[in-house]
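Consider the two complexes below, in which chain A is the common component and chain B and chain C are the respective partners.
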Partner chain A sequence: MTATYEKIATTTLGSAQSTVNFTSITASYTDLIFIWSYKQDTDSTVYMRFNGDTNANYSTTGLFGDGSTTSSQRLSNNSNGIWFRSELISSSNFNSAIYQFNNYSNTNIFKTVLSRANNAGEMVGATVGLWRSTSAISSIEVWQGGTGFSSGSTFTLYGIKAE
Partner chain B sequence: MSPILGTLASQFSGKPFGSFESIATVTVGAGGSSSVSFTSIPSTYTHLQIRCLAKDTTAGSTFQNFKMTINGNTMTRRHFLFADGASVAAGSSTTNLAIGNIPAAGFTSIFGAVIIDILDYANTNKNKTIRSLGGTDANGSGELAFYSALYAVNTNAITNLSFSADSNLAQYTQIALYGIKGA
Partner chain C sequence: MATTYTLISSVTVGSGGTATISFTSIPQTYTDLMLVASTRTDRASNINDELYVTFNSNTSSYSWRRLLGENSGSSDSGSTRTVFITDASTSTASVFGSGSIYIPNYTGSTNKSYSIDSIQENNATNAARQLVAGLWSNTAAITQIDLTSSTSSNFVQYSTAYLYGISNE
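== the complex of A and B ==
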């Protein structure tokens, strides 16, 4: 059998930064796994876009729990990107999120992205996002609408290869 | 419609093993397939992960069941937490044993992602517990669900997994089996 699950790139922020970019992602893997350890300085929603596409080609369905109630929401025809609720990011503790991109380079299909994210002080959530493009994902931009992700936040992209 | 049988991906590569290894992968070709199966799964790993991107050939814009059998048997029961973009539901079943929801043919170019973990799959002293996270967003509709399933038919090691939909699995459906080693 073939060992897989390789780190492609990682970024650790040395100062607050509103945008994190991974570019020149090759099509040499089958799936991507994108892991965040993150914190924010000011509260704001986070979005993720692909290949620089700023058109309304993104939609997201989410499942959330805040310690007392569950909820489900959807954003469709969104140009900001795949949606990430602001309650899933804290200004006091580092939080974790894992995104799964299955068949990110298949040019016959739109791209579906699964996520799990936790902010232990406020909310737990899962989302499924859609990017209505058949292009292979070659760049990922994560952006926060406020002052950005805090210093010390890390973003790591892995590739796994099915054979 | 013929089922597709997965074959072991490759022989030992000669490279150092990591802890996450590709065992076998099936991509459904033109015309679709009634099922995708992995047989002769070795017991040399500690856990299994199955990474799926799938679609059902059923006509219309609906969401369909994505089903898994173990060693030729259906699972024993399942619990789920389900969201549709407006509400959340929880439930259980001993008859509908789907492990995910995938889109039907009417959702052009849209596939559902399902990631399934089977822990300690080769331990013959335990019933097997399966968990999954899966979902589809179709820009205006969609479903997302966590599943926990129990396989209590016997405590045999899992050597065979088979996947199917309510109708057939559509072209470009891909199901990849990975093994994760313990210490």
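== the complex of A and C ==
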């Protein structure tokens, strides 16, 4: 069997932590899949940055449903990174988010990131993020300004090959 | 190279149809599960049907929030078994609904959250797509997953479902 879906790295937090980093990401895959199983003690917005870029090169467009109303929001020219709404993070249950990075190592294009995130107690969401850089994504930083992701939260990065 | 995305089992519905697509004795050796389904039911006089997703034969302790698009957008929530939309008898012939369920940490001792994306397509009006955040408030490891029609209809022939195990080992 040809393996086309390979784990690159995984982190399971042993204690609350406000930043999760994946570095030295090889450019040898076609796409990346980033899976979160996460919880935090207090609600706080989360962001994701690439290659240590802290300039205003990120934008996010999201579609959300909270169980009674739908909404769409957009953040442009953000330096914090790709946006992840705090309502998508539960303080009582572990929830899931799935990010898809297509063509993450193509140096001719800016990078788009599709996501699906879930918190059955508050909100369901789908977003697209844009990083205006032609650099291959070689590192990913997930961070938030609150008390951090709870112990037991797991972040796993997979590589997918189209060969 | 480690294989991290492995087919556990598949179901293809035969000519007689079936009321339940079931995956039993799910191995506890993976990190996450992904169920991918292409389905249609024989629900009479309707273009779509809602499927129930049931874990370990337990029919309680479910909650969900949904983002639904069918020409316009809406959002709702519920406490029935989590919903998964598919095509039914009056939908365009040969059109099957598609969807996937992602279940992280299915062997863990915490409540189980999961993500469902599903669509019901139709070569006419009244097609739908829905995104669901689901929670089964039960700490048991998931050993069985059943798909059933919420209207007690049957899956028709050629409906398929594939269960994959994903490992981060």
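Here, the second predicted complex is superposed on the first by the 161 of 163 C-alpha atoms of A that agree within 3 Å, B and C clash if a C-alpha of one lies under 4 Å from a C-alpha of the other, contacts with A are read in each partner's own complex, and residues count from 1 in each chain.
Convention: a contact is a pair of C-beta atoms (placed from the backbone, for glycine too) under 8 Å apart; a residue touches a chain by one contact, two chains touch by 3 or more.
Keep in mind it's a predicted model, so treat the numbers as computed, not measured.
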Combined model on chain A where chain B meets chain C, clash or fit: clash
Is A:V124 touching the first partner chain B, the second partner chain C, both, or neither of them? second
After lining up the shared chain so the two structures overlap, which partner does A:I109 touch, if you call chain B first and chain C second: first, second, both or neither? first
Should A:G152 be classified as contacting the first partner (chain B), the second (chain C), both, or neither? second
Answer with first, second, both or neither: which of chain B and chain C does A:T70 touch in the superposed model? both
Just to be sure I read the superposition right, which of the two partners does A:T26 touch: chain B = first, chain C = second, or both, or neither? neither
Please indicate which partner A:F94 is in contact with in the superposed arrangement: first for chain B, second for chain C, both, or neither. second
Taking the superposition as given, does A:Y5 touch the first partner, chain B, the second, chain C, both, or neither? both
Of the partners chain B and chain C, which touch A:I35 in the superposed model: first, second, both, neither? second
I'd like to know which partner A:R132 touches here: chain B for first, chain C for second, both or neither. first
Chain B and chain C footprints on chain A meet at residues 1, 3-5, 63, 70, 116, 126
In the complex of these two chains, what residues of chain C are touching chain A? 1-5, 31-32, 63-68, 73-77, 102-105, 108, 110-111, 113-115, 117, 131-135, 137, 166-169
Any idea which chain B residues touch chain A in the complex? 8-10, 12-13, 15-25, 51-53, 81, 83-88, 109-113, 115, 133-140, 142-144, 146, 172, 174, 176, 178-179
In the complex, go through chain A and note every residue touching chain B. 1-5, 30-31, 59-63, 70-74, 76-77, 100, 102-103, 106, 108-110, 112-114, 116, 126-130, 132, 134, 160-163
Applying the document's contact rule, which stretches of chain A touch chain C when the two form their complex? 1, 3-7, 10, 35, 37, 63-70, 93-96, 98, 116-126, 152, 154, 156, 158
